[in-house]
Structure formats: C-alpha cells, structure tokens
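First chain A sits with chain B, and in the next complex the same chain sits with chain C.
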Partner chain A sequence: MLAEVGRYALIAASLLCLYSMVVSVVGARLRRADLVESGERAIVGLLFLVVFASSILIYALATSNFQFEYVANYTSTTLPLPYKLTAFWGGQAGSMLFWLLILIAYTTVALLQNQSKNRQLMPYVTTFLAGTCLFFLIMLLFAADPFKKLSPVPVEGQSLNPLLQNYWMVSHPPSLYIGYVGLAVPFAFAMAALITARLDSGWIRAIRKWTLFSWLFLTVGILQGSYWAYIELGWGGYWAWDPVENASLMPWLAATAFLHSVMIQEKKGMLKMWNMILVLISFSLSIFGTFLTRSGVVSSVHSFAQSPIGNYFIVFMVIQIGVSVFFLLKRKKELEPEARLESFISRESSFLFNNVFFLVICIAVLCGTVFPILSELFTGSKVTVSAPFFNKVIMPFAIGLVLLAGICPLIAWRKASIKNLKRNFLTPGIIALAGSAVLALLGIHHWLTLLFFFCSMFVLVTVYNEFTKGTKARMAMVDEGAPVALYHLVERNKRRYGGFIIHTGIALLFIGIAASSFYQLDKEVTVPLNDSFTIGAYTLKFKDLQLLRDPHKELWRAKLEIFKGEKQVGVLVPERHFYKNSEQPTTEVAIRPFWNEDLYLILVGPTESGAGIFKVYVNPFIGLIWKGGIIIALGSLIVLLPDMKTKYAVSTVQDTGGEEFAG
Partner chain B sequence: MEDIASNLACYCGNCPHLVVSKCGCSVADQIQADIQKMIDSGQSEEQIIQSYVAKHGQTVLAAPTKSGFNLTAWAIPFFAFFLGGALLFTYLKKQRNLPASPVENTKKPADDQESHYRDLLKKELEERK
Partner chain C sequence: MNGKTALVASILVVVAATGFLVYTGLTDNMVYYYHVDEFLTKAASLDGENIKVNGKVQKGSINKQNLDYSFVIHGMPQNIVQVNYHGIVPDTFKDGSDVVVEGSYDRDARKFHATTLLAKCPTKYEPQNQSKPE
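This part shows the complex of A and B:
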C-alpha cells in the first residue's frame, strides 16, 4: 500500500512538473504574472510531493519493510539505524530520488530568493529546473523504481555493503550531491538569461553565490571521499583515478574555471560568451558524471549495477546540450564584450590562461576515463587507463596552475608593466627558491617534489605579502591596530581575501600530495608475536592478536606499540573483518598521525603459527591534504558571507522609506 | 622492480585498477614475487612486461601504449593544450588590434600596487562620511 502511494506521489509530481514548465513559459511570453506565480506555486507543490515520497522510502528503510525491493537489497534487520537511513542514497533508485529531493529543494530556495528580483528571468529558471526534475522523475518511474515491490516478501535483507558502513557514508554522498545538483541552478539562470537576452551581469550576480556554494560542497565532498578511501580501502593512498572519482573531478574543474572567469565579466564586462559556455559545460559534466556512475558503462569500485538507465541520461544530455547550443548561437550578438582585452600580460589574460589549464586537465581526465570505451568501440580491444596515465598527463598542467595562482595576483588589471612584474615576482621567487634549497639540503632531491614545493611556496609568499601590504596600508590611512585592520581588510574585500585563503589551502594540499606521493615508505612484514620491526624512524612492537566475533562478522584485531627510539609514542590497533554475507574481507586501517607524517598500518592476517602479516606505510605530510581542504572550506565560507553593511543599508531604506538615507 | 610493478595493473578485480606496486591484495603480492623471480633469472624489464601482456592481454598494462590508436589517448590532452593556447593567443592578438576605447587612452597602466589600495581606502572613507 505504502509503496503504491509513493509511486503515485511521483506520478503526481511529474504532472506538476509539466504544468509548471508550460505555465511558466506561457506566463513569461504573455507577460502574465499570475501564470508565472502559478508555475512557482506548482514547484512548492512538487517539493511537498517529493518530500512525501522520500519520507515513505526513508520510513520503509527505517522499519526494514522488505516489501520494498530497495529496502531488501540494501538493508537488513540487524543493520544499525544510521546505516539503514544512509541506504537512502546507497542504491541506484534511492540515490536518484535523493538527487531529485536536493534539486527540488534548491529550486524552491532559488524561487524564494528571487521573489522580488530577476523577475524577467525567473519563469525560465523555473522551466529549466522543473524540466530537470521531470527527467529524474521519468527515470524514477520507468528505469529505477524505488517503490518496486517484492513478492514473496523476504524475511531478511541483503544489507549494506560493509565498505559503506562507515561514518563517511553519512556525509560524503550528501556533500557531493549538494555540489553536483547545485550546478543546475547556475545553468537554469544562464539559459534564462540567454532566452530573455538579458545578458549583462545580472544573471551572473544572481548565481555567483550559488556556484560558490555548490563548488564548496563539491570540493569538500571530493576530499571527504578521498579521506574515506584513505582510511578504509587500505592501500595507503586516497585517489585512484577511478571513473567515479573522475566523474566528480570534471565538473569541479569546470566550475573552478567558471568561478575565476566570472570575476572578469563582473569587473570588465568581458568574456560573456565564454562564461555561458563554462556554465553549460559544468552542468553537462555534472549530468555526465551522474550518468557515468550509474550506467555501468565503465567499471568502477563505486558503480551501481549495470542498467538501461544510461539511455535516459544520453537522451537528456542530447536535449540539454542541443537546447543550450541553440540559444547560445541565437544570442551571439548580445554576448559581445563591453570592453576589450588590452594586453597579453594582464590579470584578464592570466585568468584566461588559468581557464585553459583547468579545461585541459578536464579534457585529460575525460579522455582517460572514456578511453577504454572508445578503444573497445574502435579497435575491439580493451585497455586499462589508470594512475600512470593520469598522473603523467595532468602533472605539468597542475604545476602550471599552482604557479599561476601565485603569479596572477601580482599582475595588474588591464596591463602590467615589466618593471611592476619584475618587482613583484622577485621577492616571492627568491624566498620560494631559498625554501626549496633548504629542502634540498635536508635531503629532498627529487626534482619534481622540489618543483611542487617551489610553486606552493611562491603562492604562500604571495598571499602573505598581500595580507601584510593590505593591512599596513590600512593601518597607515585609518589609524587602526594590526588585528582590527586585518579584520576590516578581509571583511571589506571578502572575495579577494577569501580567495587568497582558498589558494593557501590549495598550496598546502599540493605540498601534501607531493610529499606523500614521492616520499612514501612502505613495507610488508611477517612478524611473530612480541617481536618488532622498523620503518622510517619508527619501531613497532607486535603485542597482541585476538579473534573476536559478533552477529555480523568475525574479526582479527592486532595491537602494536609504536616507538621512536626508546620512547613510546602511541599504539596502533588494526583489524581485519570477515563479514558473514560478503566474500571480501574488509580492513580497518590503523593510522597514527604525527605532525609531519602518518604511520599507516594494515593487518593482512595471521599466519598458522600465530605470527602477524602487516603492511605498513609512512606518508609524509599527507595531513596537509586534509588540513588544506579545511582551509579551502574556511576561505569559501568567508567569501560566501553576506555583506553586513549592505544588509544594514538595505533594511534602513526599507524601514524609513528611503528619506533618511539621502545623507 | 618498482618500475615494472608500477606499470602493471593488478587484476585481482577488487581494487579500483590500482597498479601492482600499490594494490595490497594477495594477487599483487604474488605478481611481485613472480616479477622478482624473473628479474633474478636475468630477464629484462621489457621481456617481463611483454610476458604479462602475452598471458593477460593489453589490459594488464596500467596505461595504454603510445602506439596505434592508443596514441590518441596521450595526444588529446596535449593537443587540447596547444589548441587552447593558440585560440587564446589569437583572441588576445585580435583584441589588441581593435581600436582603443577613449577610456583606455587617459589612464596609465597600473604601475603601483599601493595606489590600488589607496584608491580603495579613499573610496571607503568617502562612503563613511
């Protein structure tokens, strides 16, 4: 009964979508605000229906209602409640419903935000967002039914994959989805701007914070996924260039390029056509990524089962890209720039150069991800494209990007003079060089590591200079103490300085990647109980090994003491889990982070004689990756903060009717 | 050994296409032991890799070869870079050859970073009044 109700809710939602799309367009063409409003109210109705349908599924999951095939596939009666709930996005159908839920929530917020602005654009924004919702509803009704029933009803479910029974299942998928789905809103605004030919900076200002918001969640989502892989999969690494990982990276790259080039359009009225293209590319990649993950076209550790759902995505992408390109070409004239780029060496041109790098990396990732399909299509033979390809191809461009991040703020808008450039480059260049020299003296001779370090140091010095120069200038003119001046500096210019903080995070992340990739130590040992082994500066003593059982699984737990010289600095407790309803054992990695490196230990298993087989890694500065990520998130939050002054001014105008504001 | 193991893809089916030197599974361990045996018996890196390709097919290579159709995989990113660079260069050149707008001729190129800050501050101070 409940399942049917859920399905009817989705059917009703589809009809509402159609209604909203039609009435919004008609209302816009006939300039009937009442029709447009009706379309918007339909969206609210949609929200209720989708929330209702989602609640039904969530309730079924929580109560282990195995009448629902989805519940039987992804949960079991003994699964802890939090994981029963995360199963909502654990399988194909549920995750599609989750996508839809987030999309309709975003749509509602976008409509609420724009009740009294951008009124010419909104009907079309509604149409495009409702259209995307409709697409997902069609898939839910015909290709991936979360409300499919099972008969006879099984007594027990198949439970959630043990690899997913982990805290990160709670936050990583939602964060990613909020990021992915969020790109639909800028897309809808871009299309609305194209259709209504309102191609000034209005639509860009409307979506700037949306894009940054999605970007933030996409960034954090990707980093969470990497961290999860690091602590769970037990191969000492955090990124495998798996197709699904790549699927999340590609929209991120396009969105980052967009975030940068948008600044030029806002400041100079240039690159209008290019920004349109970037927004379309970002959203298309988001959908394409969703397609890759679900269609089974490429095999991946993440994939849901093979499914005909791929065809639906292909149809949607063809329609979406077709419509976009049609209107893009139609409005070519209106997308001409208001100003011209004056110099080869200017901030504008360096932003464009940055875009080239981002898109080339994106193309490289795309190429590597789909090449196995292409190879089989054109030559009949399968190939593997994995880390060696991606690392080799992408590395030069990644280095170029980090270098650009350091150089770009030093180059003036419009036209930089050579004298200016030389002066600004010299200090960071020398300091970064000196830093790299120190590193070399300390024994780091790998040239690539030194190069990564040089680039990151360049960025860090540049950012430091920006903050100190700005604070000093402020202190000189406004008579404020340093901390207050710094606070006001950032507060008055959140985009600039928030951006610098984000770049700082990126630089640290980069150092973390280089150090942990090129200077990783690893060792496999078989060691009898009470014996020790060494790796790097550490000695590990194997103290204990236990075999434990619980209703779900059998597990081996080892205990090792860590010594640095004579001093004990910690304990590691790695485990190996053998689940009853899964063939693959999982590993609980034991990690002891030190300030400069991680000690990473895996229990492979016991030998017959009771000795322990271990794999141990030392990952230098890998913590910088996660810490850098946190700094990126903080920087993004700073940029996202509303301008308090503007808010106060606006409310003053509203309160006093504008008269008192004349002073 | 490291070189060979980093260029072969582990075929255990579990790990996400990790190279043999990174995948921690028992299959990878066995492969590494076998490679060591082959090295000890005097085989060259090339021979060892070829023997794996002969037994398991092209998919055992962690990255496509740089020949035939596979070359396109390597070429596309660099081609994209040169194309992008060329397009950018042409765009910039075209922009420079456009007649300058009157605004540009009256302003000097921003020589002084500090003046940028001073201008910003002056603007803010005036807003405060």
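This part shows the complex of A and C:
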C-alpha cells in the first residue's frame, strides 16, 4: 500500500514537472507573469510530493518494511537505526531519490531568492531545473524504482555492508551529493542567460555563491572520503585514483576553474564565453560523475551493479550538452570580451594560466578514467591505467597551480611593472628559497618534495604579508588594536581575505600530500609476543593478543607499546573483526598521530604459533591534508557569509590596489 | 612579442606538454585487463608481461601461510589459473569473491604471480572500499 502511494507521488511529480516546464516557457514567451508564477508554484508542489515520497521510503527503512525490495536489500532488523536511515543514500534507487530531493530543495530556494530579482531569467531557470528533476523522476519510475515490492516478503533483509557501518557513511555521501547537485543551479542560470541573451553580470552575481557553496561541499565531501579511506580501510593511503574518486574530482576541478575565472569577467568583462563553458562543463561532469558512480560502467573498487540507468544518463547528457552547445553558438557574438589582454605579465594572464591548468588536470583525469571503456570499445581489449599515470601527468600542473596561488592575487592588473613584482614577490621568493635550502640541508633531497615545499612556502608567506600589511594599514588609519583591525580587514573584504585563507589551506594540503607520498615508510613484520620491531624513529613492542567474542562478531585485538628512544610515547591497539552474518573480516586500524607524522598500524592476523602479523606505516605530515581541508572550509564559509551593510565611511584598506580577491 | 602572442604561444606549449605527458603516461603505464577465459586463450603470448586478470576465487582453493597466499581463480568452470600472492589481502577476499589480480604469468610454472590483489564482494553490490589498486 505504502509503496503504491510513493509511486503515485512520483508519477504526480513528473506531471507537475512537465507542467512547470511548459507554462514557464510559454509564460516567458507571451510575457504572462501569471503563467510564470504558476510554473513556480508548481515547483513548490513538486517539493511537497518529493518530500512525501522520500518520507515514505525513509519510514519504510526505519520500520524495516521488507515489502520494499530496497529496504530488504540494504538493511536488516538488527542494523542500528542511524544506518537504517543512511541506507536512504546507500543504494542505487534511494540515492537517485536523494539527488532529486536535494535538487528540488535547491530549486525552491533559488526561486525564493529571486522573487523580485532576475525576473527575465527565472522562467528558464525553472524550466531547466524542472527538466533535470524530470529526468531523475523518469529514471526512478522506469529504471531504478525505490518502491519496488518483493513477494514473498522476506523475514530478514541483507543488511548494510559492515564496511559502510561507520560515521563517514552518514556524512560523506550527502556532502558529495549536496555539492554535485548544487552545480545544477549555476547551469540553469547560465542557460537562462544564454536563451534570454541577458549576458551582463546579473546571472554571474546570482550564481557566484551557489557555485562556491557547491564547491565547499564537494571539497569537504572529497576530503571526508579520503579521510574515511585512510582511517577505516587500512592500506595506509587515502587516495587511489579510483574511478569513483575521480568522478568527484572532475566537477571540483571545473568548478574551481570557474570560481577563479568569474572574477576576471566581473572585473574586466573578459572570458564570458569561457565562463559559460566552465559552468556547462561543471554540471555535465557532475552528471557524468553520478553516472560513473552509479552505472557500473567502469570497474571500480566501489563496484556497483551493472545497471540500466547508464543508458538514461547517456541520453540525458547528450541532450544537455547538445542544448548547451546550440545556445552557446547562437550567442557567440554577445559573448565577445569587452577588453583585450594587454600583457603577458599581468593578473589577467595569470588567471588564464590557472584556468588552463585546472582544465588540463581535469582532462587528464577524464582520460585516465574513461581509457578502459574507450580502449575496449575501439580495440576490443580493455586497457587500464593506474596511479602512476595520474601522478605523472598531473604533478607538473599541480605544482604550477600552487605557485599561481601565490602569484595571482598579488600581481598587478593589465601589466605588472618590475616594481610591482619586486614589492610583492621578492621577500616571499627569498624566504621560500631559504626554507627549501634548510630542508635540503636537513636531508630532504627529493627534488619534487622540495619544489612542492618551495611553492607552498611561497604562498604562505605572500598570504602572511597581505594580512600583516592590511592590518597595519588599518591600525594606522583608524586607530584600532591589531585583533580588531584584523577582524575588520577580513569582514570588510571577505572575498579577498577568505580567498587567502583558502589558499593557505591549499598550501598546507600540498605539503601534506608531497611529504606523505614521497617519504612514507612501510614494513611488514611477523613478531612473536613480547618481541619488538622498529620503523623510523619508533620501536614497537608487541605486548598482548586477545580473541574476544560478542553476539555479532569475533575480534582479535593486539596491543603494542610505542617507544621513541627509551621513552614510551603511546599504545596502539589494532583489531580485526569477523562479523557473523557477513563472513567478512573488517580491519580496525590503529593510528597514533604525532605533530609531524602518523604511526599507522594494521593487524593482519595471528599466525598459528601465536605471533602477530602486522603492517606498519609512517606517514609524514599526512595530517596536514585534512587540517588544510578544515582551513579551506573556514575560508569558504567566510566568503559565503552574507554582506552586512556597514555605516562606517572608512574605505577598505588595500595595499595592492585590489578591491576584491581578483582585484 | 605582445602579450597576446606570448600568451597564445605559452598556452600552446602547455597543451603540447599535456599531450606529451598524457601520451607517454598512457603508453608507460597501461596494463591490459583480461577475464580469465580470455586470458587463457592468450596466455602463451603473455609470458612475463604485466597484466590484470579478473576471475572468481574457486571455493576451497585459498591456502595461506602468514602473508603468502595461493589460490585458484576461474571463469567458466574448466578455465582455471593458479595464483600466488604475497601481502595483505583486502577484507573482501574470500571464497567466491570476484577478484582482479595484477602481475605476470609464468608460463613454465603455469602460475600467475600477483603483485596486487583487488576483491569485490560476491553477494552485495555496494561500495566496496577496499585495498587500493597500487
């Protein structure tokens, strides 16, 4: 009964979608505000229906209603309630419904925000968002039905994979989805701007924060995924260039490029066509990412079932790209730049390079990800590439991007003079060089690490300079104490200083990546009880091994004491669990973070003689990856904060002649 | 040389560099991927080459001695390959798992020496975050 109601809600929702699309377009063509409003009201109805359908599925999950095939496939009566609920996005049909739910919520918010703004754009924004909703509804009705019924009704469900039963399953997938789906809104605005030929910066202003919001969630989602992999999966690393990981990285790269180049359009009226293309690509990649993740077309360690939804995605992507390209070509003339590039050494060109690098990395990731599919399609034999390919191709551009993160915000517009270059870059360059020299003397001879460190250091010093210069200037001008001046500096120019904070996070993240990739130590050992072994600066003494049982599982627990020299600095307790109903062991890694590195220990198992088999890693500075991530998130939040109208007449204090991050 | 020419020239350099890196990256790092059935028809010509083979772990075939594993993967029931592996196996590696092994085939010993081992869970089709491919 419930299942039928859910299905009817989805059918009604599809009709409403169609209605909304038609009246919005007709209303816009005939300039009938009443029709346009009716189309917008239909979206509210749509929101209601989709929330209703989702509630039915969530209710069925919570009450273990195994009439629903979906509920039986992903939960069981013994599964704790939070994981029953997270199964909403754990399986295919549910995750599609979740996508739709977020999309319709975004659509509603976008309409509410623009009730008295951008009125010419809104009918088409509604049409494109409703069109995207319709696509997901069709898929839910014909290919991935969350309300499919089982008969006979099983007594027990198949439960959720034990690997997914942890906190990260609660927060990682939604973060990614919120990010992916958010890119639909900029796309709809871009299309509306193209169709109505209102290509001034109105649409750009309307979507800038949407894009940043999506970007923030994608960033956080990706980093959560890597952290999950690191602490739960037990192979010592955090990123494997798996197709599903790449699927989330590609829209992130395109959106990052857009967030940068949009500043050039706002400031200079250049790159209009390019920005359009980036918005369209970002959304295409977010659909493509969902497709890769969910269709099973590439073999991934995330191995999802081969499924029919792939074809639906392909049709949708073809339509979406076709329509986008058609309107882009139609408006080619209107997208001509208002200014020309004057000099190679200028902020404009540094931004161009930033964009080219981001796009090049994106294309390289795409190549590596789809290469197995294409090679099979064209040559009949499947050829795969793995981590070394990605690392090799991306490395030079990644280094270039970190360096640009230091240069772009400070180099002068139009044409940088020698004086400008000297003033902004001489000290950071010298300090970074000196820092690298010190590292080299300390024994870091890996040149790539040194290069990464140099670039990151350069960024950090430029950011530090900007903050101190700005704060000092304010202190001198308005007679404020340093903390107050700093606060006002950031508060008055959130975009610029929030951007600097994001760059700080990026620089730290890259130090973490470089140090942990090039200086990781690892060792496999078999040790008898009370014996010890060493890795790096640490000696680990194997003190205890126990077999524990509870109703759900058996577990082996080892205890090792960590010594640094003579001094004991901690204890590691790695475990290995065997769940009874899944016949599958799970590894509980033990990690002891020190200020500079993580000691990471996996219990592989006991030998028959009672010795322990361990795999141990030392990961230098790996923690900086996620600490950098937190700083990036903070910086983004600062930029996202709404602007307060302030009464002060004091103009913002700037040193480099820039008003915002881009200028 | 004015700004625009310099820019176009350097972007061309970037594009060319990318093309070069992608091309050499692909040719240096590409690994052929076969299903067991297909692999066996070509095994003679693949001696010693680095490849990936996908198959199912034969029930009861897993032998382990500490970190040394030997097991059999199969496609069609009669198509079997003996595999050796040293290292940590993913949590999902067990009888009946769908696995991908990367390594080389020793034609004389009729054994596949795997350097990496990936396993997918046989009963569920949900995210199988396991051992990394490298």
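In this text, the second predicted complex is superposed on the first by the 636 of 663 C-alpha atoms of A that agree within 3 Å, B and C clash if a C-alpha of one lies under 4 Å from a C-alpha of the other, contacts with A are read in each partner's own complex, and residues count from 1 in each chain.
Just so it is clear, contacts are C-beta pairs under 8 Å (C-beta built on N, C-alpha and C of every residue); 3 or more make two chains touch, one makes a residue touch a chain.
A quick note: this is a predicted structure, and the numbers were derived from the prediction, not measured.
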item	value
When chain B and chain C are modelled together on chain A, clash or fit	clash
Partner chain in contact with A:470 - chain B first, chain C second, else both or neither	first
Which of chain B and chain C A:136 touches, first, second, both or neither	neither
Which of chain B and chain C A:228 touches, first, second, both or neither	second
Which superposed partner A:454 touches (first chain B, second chain C, both, neither)	neither
First (chain B), second (chain C), both or neither touched by A:379	first
Touching partner for A:163 - first (chain B), second (chain C), both, neither	second
Which superposed partner A:147 touches (first chain B, second chain C, both, neither)	neither
Touching partner for A:420 - first (chain B), second (chain C), both, neither	first
Partner chain(s) touched by A:240 [first = chain B, second = chain C, both, neither]	both
Set intersection of chain A contacts, chain C complex versus chain B complex	233-235, 237, 240-242, 301, 340-344, 349, 352-353, 356, 360, 363-364, 367-368, 371, 381-389, 392-393, 397, 415, 524, 584, 602, 604, 615
Chain B contact footprint on chain A (complex, rising order)	233-237, 240-242, 245, 300-301, 339-344, 349, 352-353, 356, 359-361, 363-364, 367-368, 371, 375, 378-379, 381-389, 392-394, 397, 412-417, 419-420, 424, 469-470, 473-474, 477-478, 492-493, 524, 584, 602, 604, 615
Chain A contact footprint on chain C (complex, rising order)	1, 3-4, 6-7, 10-11, 14-15, 17-18, 21-22, 24-26, 28-34, 52, 54, 66-67, 87-88, 91-92, 94, 98, 100, 118, 120-121, 123-134
Chain A to chain C touching residues, read off their complex	74, 90-91, 158, 160-161, 163-164, 228-229, 232-235, 237, 240-242, 244, 296, 299, 301-305, 340-344, 346, 349, 352-353, 356-357, 360, 363-364, 367-368, 371-372, 381-389, 392-393, 396-397, 415, 524, 526, 583-587, 602, 604, 607, 613, 615
Touching residues on chain B, where the partner in the complex is chain A	6-7, 9, 14-19, 22-24, 29, 57-64, 68-70, 73-74, 76-78, 80-81, 84-85, 88, 91-92, 95-96, 98, 100-101, 104, 107, 109-114, 116-118, 120-121, 124-125
